[in-house]
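Each chain gets a letter, A, B, C and D, in the order it is written, and its residues are counted from 1.
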Amino acid sequence: MKKRMFYQFSLLLVAVTIVLAGCGGNNNKTASTNGETDKATNTANSGSNAEGEIKVGILHSQSGTMAISEVSVIDAEMMAIDEINAAGGVLGKKIVPVLEDGASDWPTFAEKARKLISEDKVATVFGGWTSASRKAMKPVFEELNGLLWYPVQYEGLESSPNIFYTGATTNQQIVPSVSWLLENRGKKFYLLGSDYVFPRTANLVIKEQLKAEGGELVGEEYTPLGHTDYSTLISKIKEAKPDVVYNTLNGDSNVAFFKQLKDAGITAKDLTTLSVSVAEEEIRGIGVDVLEGHLAAWNYYQTTDTPANKTFVENYKKKYGDERVTADPIEAGYTAVYLWAAAVEKAGSVEVDKVKEAAKELEWDAPEGKVKIDGATQHIYKTVRIGEVQADGQFKELWNSGEAVKPDPYLKGYDWAASIQPTE
Amino acid sequence: MKESAILLCDDVTVEFDGFKAVQGMNLKLEKGELRFLIGPNGAGKTTILDVICGKVRPSGGRVTFGKVDITKKKEHQIAELGIGRKFQAPSIFPSMTVSENLEIAMRQRRTVFATLFAKMAEEERSRIDGQLTMIGLQNKADWRAGGLSHGEKQWLEIGMMLLQEPEILLLDEPVAGMTDKETDKTGELLHEIARKRSIVVVEHDMEFVRNFASKVTVMHEGKLLKEGSMDEIQRDDRVAEVYLGKRRDADVSRSTA
Amino acid sequence: MEVFLLQLFNGLSISSILLLVALGLAITFGLMKVINMAHGELIMIGAYSTYLTQNLFQDYLPKSLFDWYFVLAVPVSFVIAFIFGLILEISLIRFLYGRPLDSLLATWGVGLVLQQLARSIFGAPNVAVTSPAWLNGGMKIMDGTLLPYKRIFIIALVIACLVSMYFYIYRSHEGRRMRAVMQNRDMASCLGVSTRRVDAMTFAIGSGIAGIAGCALTLLGPIGPSLGTYYIVDAFMVVVLGGVGKLVGTVLGATGIGMFNTLFEYWTNASLGKVLVFVCIVAFLQWKPMGLVAMRSRSLD
Amino acid sequence: MLMRIQMKKFTPQRIWILIAYTAAAAALFSAPLFVSDFRLNLLAKFLAFAIVALGLDLIWGFTGILSLGHGIFFGLGAYAMAMYLKLAASGGKPPDFMGWSGLKELPLFWQPFQNFWFAVAMGIAIPAFLALVLGYFTFRNRIRGVYFTILTQALVIITTTLLIGQQAFTGGTNGITGYSTVLGYSIGSPETKRVLYYVTVAALIAIFIFCRYVIGSRFGKVLRAIRDGENRVRFIGYNPAIYQMVVFTISAGIAGVAGMLFVLHVGIISPSMLGIVPSIEMVLWVAIGGRGTLVGAALGAILMNWAKSEFSTAYPQGWLFFMGLLFVVVVVFLPKGVAGLIGQIKFRRKRREPNHEGVRNPAV
């Protein structure tokens, strides 16, 4: 009996010490990571300090399943920060990135966002990839009045006063691509997606659009994330005989789908597929041999012909290696940093409200062409591009929208979209 | 005669993947009887104990306990009805203390609700203490049972069984691994217990059987070979042929194990 | 008719993949009672081995030989996964015999480390393996029904693995020792069989087969650090459903799951199909806890 | 023997223990005075995890049943609370995700969740009920050890796939997030957070005491007996299936409570929290802290999560290596975890029995 008790006692002591020391220790640690300056905490919520530094948060998944995609975005954002710092920083101050790992886990994104804002007191955060991670962070940014730059195309139907969306919303990617397909490739659509929010919502939009624009839905299928056998699904597609497979599969599923599609004897000549989640990076993992001739819709390709892109691609390859490729989300992450920096310069401050005000209608020559922030929705004007995969793993642009399209996250400009408005 | 039988195995057959371990075995146990079950290895002695206590479902035949048919009952139901079993290898609960072992074995209401709110009554404690003294472990009540010696574990298990207060005790080689002194003590204890309860003992130790048995059942190849007093058994030619002839082999294999 | 045939083939194909993935587990889990959660990572190692073989061929050998890299990749994957398995057994698994649940947890940790290792070496994104030209295309059995050569190849590969395993286990000297150790460790060691050696070999062979599975999977799916996680649970289901300790059971388990998966997926959709299959497995195990082919034994616990 | 009981009550050790417990409770209650809001929020989350760990320890540490599906029970509790919070935020109208999934009306089963207490009751009842049903079949059919563990994994896959697939009703992969108030108080305000923290501390202490009672009772002894030898228990006359079922249900209910608290602190629940990886991680906390001791399990959860949030930032790659290796080392060489290690150092001389006894799980 004696030993049991004594042993519990020592355990408890350890517990108390850890809880107290742990918490206390944390505070110390935060102070010391504030760098050489202990005054950082005094300038609460400003994100800057007297010594000439501005802290910004970078919050992507560096581990877990989503790291595949997000690590390149971090690279692009870091590159933009380096470039800006090399050119003298913002407001004459250096930008200091604080990296956090979202670990492909949505609650972790929320936790880390909270930490960046309230502990590190960053001026802004660049981060997120999946819709889920953004949805998880959104309440935190709204509660603490932080600022988030989200760099990935997404399903729309959202606009938060504390988030800037530098990726495409539906009317800058999906809607125009569907119209283009209807005009050029055929009326019968087969919707294939991974089972999560983006594909389901995107397909909801597509179905309405097909009804309105004379298309026909011949099938709709969702596969679990990480699904790797598409033989049955391909037979189903064969039976349905669509003109177009509109593909919203995500990540690894794309690899399996395209490899097995080719094995089934179906090439891009036999069946048009258009993907919205396959960019240059993904092509490398799938293999050009299986993807050649298939289509994708984005706002940017590595081959996009603008002066800004030439230097962007060059610098990116110089910094991270010649074998690396740029892609739409990478470019959007890069653009986000520049847009924020420009807004800060214009506002003359890093305070969230002032930056937001200054960002309205701000324009910048991004690698994808001229972009402009839409003040009302905090999305940006983007040019839509449809590309075809070439033998070298790059896209050839088949069509573009000519000018940057005004973002319309709630699809208010489309009559047929009346039924998919949010209920709240 | 018939009404005094407390346990009746009627034409019990057990099959393991086509192999008949027990074939049409009959066994009748009177109240207050101390019965020894012997036979060469593989005769089906342990299997018949398994059938009685519900561990093995017979493919044919019936087992009746008192007036209750227990052939289809589950182990814990059979145990609750009053049949206790001690296995060959000491199976106590090694991470619990000796007195905890006894506490849960003690006869009591065994529902979740009852155990959740059970308070150790004065009477219960004295029963446990009494048992501890009887099995000679009063000084080791707070030891973890896993730390006991082999013989002590055997005793503890017997103690647990006694606290369980079953009407029939099924013992599988209770004196295996015991010293001569311990063996004798166990034998005496069995006789004492048999005054109130019935006991079936499976045993290889012929010395022990000779010293303590009143009635012996011999099994061979899953069947009843002979039943009677030790003298009758020893005089029987068939027993001598199938059992005693092979006994030497059995002893040899046991001594090497 | 076409659809029926094609679906039958698809079901067979999925079964063969499941079987290939589960065969290694059937050995480590079925015979050794070690729950190897890192099995998926051994599959991943096999896949990366294939990738490396491909790269070596690309870089150092004439283009005309490139198509034959896959022939070499199968044994290479086996050997590399075998070596990993051996190291794993010697450094870790041998402490875990008789503690199946602990082996599950510890090997999960190993899996985590191996995944991270792959991520550090090859990077987080998927890598591409170009399948050899002779495996492209398929057999046309009637109009619109094409049986891809890759899938036929995998089916053949599984059969080859099964046959060689059968011969190894039931016909070879080594195999006899292995069975002896798995059935009665003490007795075998008394008879002079080195149980340590047999354990290590058995585990390594199970791992090696996982490597072959990984090699085959490069033909069909993604090759990335998390490759193994997609298959591990399915593989366990196959082994448990089939019944532990019998190869026949594993074959039946894989065929059952593969066929039903295809059927349900065809009737409903991929998500629901998966749910239905798992519900069926859970329900089936309630009915027959020991699986399809149960090994009955008299021993208590 | 009476003496022994008396002794138990008044030994100095017992008094010390009492002081230590009081100190621990005092530290937890006074933490808000020392710690920033953010850290407090984190601590609250860790405490919620500690609650799951207690529940897991009941079944794994004390009964020898390893569930790799506790994420489900945790998650279902969390979902129940999330449904209430989401409805509170949307004012009883269908929440946003239903809109973009094409659902216009609030489904019937959502409606009662407008009531906080109903949600709380469901947050315990749903996981407990699911565990009861699963336990009823599996334990009655004597599926145990590894088979049970693998079965719980199948259950995880079924549940997460369903949750993801039924996006209109569950929010899909995004899960449910975006809350505003709880019982009328703003969920983001520091005051509410502080109150929620105290609620969590109180829940942890209450559940800790409850678990201690369960373990100390004769019921708890039967559980430990089941861990040591399920069959032997049967021959004494207990039906292990019932006991396993009950303790599994209790454990699931506790996980549900933890899940509800988790949602209140973190503000999101998504199917990924129900997955296999979080479920295994929960087991890891218990393993590292020390299975078979309640303090160890709770401590393990707090410690591991604290370490994770500290180190995963600085070394996102290294962290996984570290965690994997830690797992291996602890499971293989320290089967009793940190608690066991401390015990070993302190009482090595007094040990009379081989220390691996009883640690072995009676599986297969």
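Everything below uses one rule, namely that a contact is a pair of C-beta atoms (placed from the backbone, for glycine too) under 8 Å apart; a residue touches a chain by one contact, two chains touch by 3 or more.
As the structure is a computational prediction, the values presented were derived from the model and not from experiment.
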Shortest path length from chain B to chain D (each step joins two touching chains): 1
Chain-chain pair with the highest tally of contacting C-beta pairs: A-D
Most widely separated chain from chain A, with each centre as the mean of CA atoms: B
Gap in Å, rounded to a whole number, between the CA centres of chain C and chain B: 47
Intercentroid distance (Cα basis), chain B paired with chain A, Å: 71
For chain C paired with chain D, centre-to-centre distance based on mean C-alpha positions, whole Å: 33
Touching two or more other chains - residues of chain C: 116, 119, 271, 274, 300
Sites on chain D at which at least two other chains make contact: 161, 164-165, 229, 231, 317, 320
Residue numbers of chain A (touch at least two other chains): 1, 63, 195, 222, 224
Footprint of chain A on chain D - complex, ascending: 8, 11, 13-14, 16-17, 20-21, 23-24, 27-28, 31, 34-39, 41-43, 45, 90, 93-102, 104, 161, 164-165, 167, 171-175, 177-179, 188, 266-270, 272-273, 293, 295-296, 298-299, 302-303, 306, 309-310, 312-313, 316-317, 319-320, 339, 342-343, 346-347, 350
Residue numbers on chain D that touch chain C, as the complex places them: 66, 137-138, 141-143, 145-147, 149-151, 153-155, 157-158, 161-162, 164-165, 229-231, 276, 280, 283-284, 287, 317, 320-321, 323-328, 331-333, 335, 360-364
Contact footprint of chain D on chain B as seen in their complex: 53, 55, 74-77, 79-80, 84-85, 87, 91-96, 100-101, 103-105, 110-112, 115-118, 125-126, 129, 143-144, 146-147, 160, 164
List of chain C residues in touch with chain D within their complex: 33, 35, 92, 95-96, 98-102, 104-106, 108-113, 115-117, 119-120, 233, 236-237, 240, 271-272, 274-275, 278-279, 281-282, 285-287, 289, 300-301
Complex interface listing, chain D residues touching chain B: 1, 214, 217-219, 221-222, 224-225, 227-229, 231-240, 242-243, 246, 352-354, 357-359
